[in-house]
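Take a look at these structures.
Here subunit A shows up in two complexes: once beside subunit B, once beside subunit C.
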Partner chain A sequence: MSLAEPAALPVATSAAPRLHLLKRFMGRFRASLPAYLLLLPSLVFLALFTYGAMGRVFVDALYQRATPKAPVRFVGLDNISAVLADPAFTGAVTNNLIYAVGTAVPSIALALLFALALSRTHAVSSALRAALFLPVLIPMVAASALFLFIFLPNVGLLDYYIGRLLPVLPNWLGDPDIALYAIMIITIWKNAGYYMLFFLAGLQAVPEDVMEAAHLDGAGPYMRLRHIILPELKPTFLFVTVIATLNAVTQVDHVFVMTQGGPSNATNLVLFYIYQQAVEHYDIGKASAATLLTLAALMGLTALSFRTMANREGGP
Partner chain B sequence: MLFSRRLMLGLAMAGALAFPALAGEGPTEVDLFFPVPVDGKLARDMGTLIKEFNETHPDVKATAVYTGSYDDTLIKTRAAIKAGKPPAAVIMSANFLLDMQIENELTNLDSLIAADGSTKEKFLGQFFPALQGNAVINRSVYGVPFHNSTPLLYINADKAKEAGLDPSKPPQTWAELTDWAKKLTKRDGDKVTQWGIAIPCAYDYCGWMMETLTMSNGGRYYNEEFGGEVYYDTPSMLGALTWWNDLIYKHKVHTPGATPGPAVSTSFISGNAAMMMLSTGSLTYVRDNAKFAYKVAFIPRNVRNAVPIGGASLIMPAGLEADKQKAAWTLIKWMTSPEKSGWWSRATGYFAPNMAAYKTPEMVDFLGKNPDAKTAVEQLDVAKPWFATYKTVPVRKNLEDEVMLVLNGKKQPKEALAAAQKAADETLKPYNAETSLKLP
Partner chain C sequence: MNLIDRLYKDAPLATRGEITPKLGFALTVLLAIVWLIPFLWMVVATLRPASDGINAMAELMPSLKPTLDNVRDAWEIGDFPRYTINTTIICTGILLVQFVTITLAGFAFARLDFAGKTPIFYLFLMQLMLVPVLLIVPNLSLVAQLGLYDTLTGVMMPFFASAFGTFLMRQAFEAIPTELEDAALIDGASLLQRIRHIYVPLSMPSFSAFAIISVTSHWNDFLWPLMVINSPDKRPLTVGLSVFTKTAEGTQAWGTIAAGTLMVIAPLLVVFLIFQKRFISSFVTSGIK
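Moving on, here comes the complex of A and B:
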């Protein structure tokens, strides 16, 4: 369209396509009506138990009571600023960042290592895969209860063996400098086998002919890993990273069972902080505000990761 | 149209599932929420107890609902109240009652007691006086003591004899206890192979132990008459925390760091710690598992003999229908009667709050066989209420976080307690704004 012809053309023709669009939309809607009806039961339950609850969190985050007997009143964003100003929250965020990086990186590295070592299927590798996958099958709560005994100071399994080597035994869960790392060990132990599955699947997708060609061209194992396998696994990496990060925020069963966020808040993670606000402080407003902040961060992170993933997939 | 017919059928089925059949006429159905706070087979024992109740009370059908730890039980009760379906009765940690009363979540039991033709004094008179403080708020009864505990000093008698100490004369003062702990600590070069004493510190236990040590040092943890004050930054608590700190870093007879309750009892059972301070609630566990002779004693004093109580009371949430209230009251009275109270005590290791329980022939017989169970009851003479404030748990945590730093050698007792006091005052502020600082 040139500048000499102003808006005349679009205005003249707008009525017909719009009608056309509406018709097309109605037609499509009619065609997919049975599908929507089939989805209806799930939609109803999603609305009741997922979106309804989320909506409630939005509302609750805006209300607060000044004193115990006072009625709740609208406070706008006060709850959010109160959460951001709370040193316990910023402490939990810091802990959670350390925890996320400290669990995602080692467990993904281990998972890749396991997958590369066990990518060929035979009796031994199948047995080893099963063994490495076993921790995934144990519920987190049960695993935490097990590790509670492994980490017992002085008499636990770990101290029983390490005790022969060290002069002073670490109090694994009772020392604020060590406790978070002790918790991280469980997460790595538990998740590495799970992520291994994704890498195993990713490795199946590495084209056989390219590998063969590289082999014929004289590329050694390292060259093949560096220039073929790792680039091919990029989508898997991204996906597993997103999952690992989500896990770092949404799985706090072990914190609950083993340390309750202690000692001195050393293992307090964001989700556990929310639980504390809601249950111990009985402060629904602050808990909801913290939930919203976490949700926003998680959704931003996920959107970013998947966009990067889509770009890489779609790009040349 | 085959599609939509199937769909209709599916929807109809979903509808049928969503609306269960309405209950018909019959006995009043009541739910009892109960926690299992200690090791053992409490859940099974509770099943036995409720079955017996239902058999002897045809007009009430009680169902025992297991609700996890003390903290979980509070959460679930509050969730049920919010949902408009409160359980008829709950076994609630005794120090949560005040907080619940402040939040208007409890039924005042005074009118039910009066309807029975009894008086408050007469009703409460059944129970040990030490337990009444946590059941009465503003001179009204809100809870009925169900199972209670006090902290005890557990001693490995075999190890004591080995070290030349007489277990029949347990340490009575902090000085004697320090001396015992030194003699009971075994070293191999720099390495400790046997610790003299273990005192638990994890959220919940830590606050209770701090109250224990502070009270035996002459102090008070909180204002028993008013839920808006705690006394963290005081000489008596400073002395208590300094002594605990000294046991670790000066005398080196106690493991550094914060050790949770189960780790302490395991350490004692395995012989790694020769003495420990722990709840009477663990007595049955120790009795069943210790492969050595053990001895229980009062918590030693520095200034006076005094300990806090622990354990739980039966409560009724607010907002119950009249018939449920009546049925729950029947259940509560039955469960706290001398016979049942005694039975539960023998099954769990808690002491029976109802004084008459100790006059029943079964109990006399039991104490004859297990004299260690008597120590907890005797210590009740010097027991006082468990700390309970507005927002008990966060206020307690304000102290515990600082104590953990001290036990880990990261802070000195004096500055830790000042920080704890500041944090607790901040937590208590809204309540004070509404009560003590709301002036005409």
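Moving on, here comes the complex of A and C:
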């Protein structure tokens, strides 16, 4: 309260401030009304399919049916503990972690290589960029159909060309020790070109004159990469890592088409496990519990990357 | 050497003699060729006659007697025209509704001041991480409750609101000078009229960027339509292709699979090759699809 403002009389304060507050709130609400109306269509769908869906996951995870036809009953945290005790789920989590690291690291490294090599725009580099970007466009299902043949034992593309150099031909998709890595190759092939675009955009922020000055001071290509380019690309790395992790959790179409999670669950990933529980076993309780655990893990990642994302979208 | 000199002609003079960048470039050229091999095989295998036998299937040299038999077989076995129509309906339906929701919400964030702006902004931002595909289980039960199980509308609904699109439009609208809007305000234009006649026409590049991202990502959606759709005649291309692949794989008809895959991805590839620059810049803005 400023000095110029006369102090309110104690008599008047009994009823007026509350009314005043309500009035101010109403005024603010009325002024905000057009904005709320504009946001309403989006908020309805967000409420139904994002936040409402999260609420339903919470509730569904607490209920279970004794038999498929029986009514649901409250079971508390039983679903969660059942999922955590399910070797198929823990196996899927382990697979997913290996898969996330094994796809994110190589595809980001390749993306950086591609971007560094193709940062100058001319006809040749544009053609190469397009070639590396093509896999990003096609459906994962189509990529899987092509790679089914590439990995086909004996007559497939890989065995036909590389197999002659190897003493023993591995069964790429049939061997539980190899299948997960075969699946990872598709993901790397499909995503490296996408991440390349972000590095290409990031590289434009590296000032050319600083690079030239560093060279004059005797810094070789490696030194310039290590001390000028990489520090400049740090936000890009953070951002691409978040997307790559998200992709590792949400892209499972190739598992469905190529291996169905097999052989012996070697390529089962978490989202495919959720799909199996819901669609093949009709176990909504367990599927919801697994979804809940996945969401919790992603929320952790979100908390880590929230500031990056908010800044990228221009802040609230 | 002449070609390499040409490629590096606008590099700083001092760095032109360095070897490492050239090695990196050579490695990238090599990998780009490897990257294209699956596509090359697809085209070669599509045109290969069945008489070449299974052992020649992997051969990347085109057959000397090219044939369209595989294309005809794929066309007859799979119901690709039907699948294409379904996918087109899904992508168009999603895009049209998204245009409305993201324009309105984007405008609210760009130009209006309202109570609770920050929490609502974060509500939208969270959706970038909580991608609908993670919530397939609860969303399937909601779609079923709404009576939309096994309908194309059911496939579309979870994507009607788009945080990414909202942020993209907000950015576009913020760049439009307020003077234009003030002039319209003096002329008595209502809020919706101003959006419709000033903001939307000036933001076409952002709309087209969003359309490219939205259509390519929903053209490629698989797990969600697989769960929602039950009738064969409502399958989108991806689900149709997976069923088709399963059938043809049993009979080792790899030429037919290659032809089917080619038919599914050809529309996207053709559009991409025509609008290459625009596609690439749209994907750069996309971040999260």
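As a working rule, the second predicted complex is superposed on the first by the 261 of 316 C-alpha atoms of A that agree within 3 Å, B and C clash if a C-alpha of one lies under 4 Å from a C-alpha of the other, contacts with A are read in each partner's own complex, and residues count from 1 in each chain.
Definition applied: a contact is a pair of C-beta atoms (placed from the backbone, for glycine too) under 8 Å apart; a residue touches a chain by one contact, two chains touch by 3 or more.
Nothing here was measured: the structure is a model prediction, and the numbers come from that model.
**Q** If you stack the two complexes on chain A, which partner ends up touching A:A201: first (subunit B), second (subunit C), both, or neither?
**A** In the superposition, A:A201 touches subunit C alone.
**Q** Who does A:G193 touch here: subunit B (first), subunit C (second), both, or neither?
**A** second
**Q** Applying the document's definition of touch, where does A:P167 land relative to subunit B and subunit C: first, second, both, or neither?
**A** So A:P167 only meets subunit B here.
**Q** Please indicate which partner A:L46 is in contact with in the superposed arrangement: first for subunit B, second for subunit C, both, or neither.
**A** After superposing on A, A:L46 lies in contact with subunit C but is clear of subunit B.
**Q** Pick one for A:P176: touches subunit B only (first), subunit C only (second), both, or neither.
**A** In the superposition, A:P176 contacts subunit B only.
**Q** Identify which of subunit B and subunit C touches the larger number of residues of subunit A.
**A** Comparing subunit B with subunit C, the partner touching more subunit A residues is C.
**Q** Of the two partner chains, subunit B (first) and subunit C (second), which one does A:L38 touch, if any: first, second, both, or neither?
**A** In the superposition, A:L38 touches subunit B and subunit C alike.
**Q** Touch test for A:G300: subunit B only (first), subunit C only (second), both, or neither?
**A** neither
**Q** In the overlaid three-chain picture, which partner chain does A:P231 touch, first (subunit B) or second (subunit C), both, or neither?
**A** In the superposition, A:P231 contacts neither subunit B nor subunit C.
**Q** After lining up the shared chain so the two structures overlap, which partner does A:M140 touch, if you call subunit B first and subunit C second: first, second, both or neither?
**A** Touch status of A:M140: second partner only.
**Q** Can you give me the overlap between the subunit B contact set and the subunit C contact set on subunit A?
**A** Dual-contact residues (subunit A): 34, 38, 41, 148-149, 152, 155, 279.
**Q** Any idea which subunit A residues touch subunit C in the complex?
**A** Those in contact with subunit C are residues 28-29, 31-32, 34-36, 38-39, 41-46, 48-54, 56-57, 60, 110, 113-114, 116-118, 120, 122, 124-126, 128-150, 152, 155-157, 159-161, 189, 193-194, 197-198, 200-201, 208, 211-212, 215-216, 220-222, 239, 243, 246, 249-250, 252-253, 256-257, 271, 274-275, 278-279, 284, 287-288, 291, 294-295, 298-299, 301-302, 305-306, 309-310, 312-314, 316.
**Q** Enumerate the contact residues on subunit A facing subunit B in the complex.
**A** 34, 37-38, 41, 66-70, 148-149, 152-155, 167-168, 171, 173-177, 260-265, 276, 279-282
**Q** Which stretch or stretches of subunit B touch subunit A in the complex?
**A** Residues of subunit B touching subunit A: 3-4, 7, 10-11, 14, 71, 74-75, 78, 99, 102-103, 189-191, 195, 201-203, 255-260, 262-263, 266-267, 270, 272-273, 390-391, 393-394, 397, 400-402, 404-405, 407-408, 410, 430-431, 433-434.
**Q** Flag every residue of subunit C that touches subunit A in the complex, lowest number first.
**A** 6-8, 10-12, 14-15, 18, 20-21, 24-25, 27-29, 31-33, 35-39, 41-42, 45, 54-55, 57-60, 100-102, 104-105, 107-108, 112-118, 120-142, 157-158, 160-163, 166-167, 170-171, 174, 191, 216, 219-220, 222-223, 226-227, 237-239, 241-242, 245, 249, 254, 257-258, 260-261, 264-265, 268-269, 272-273, 276, 279-280, 283-284, 287-288
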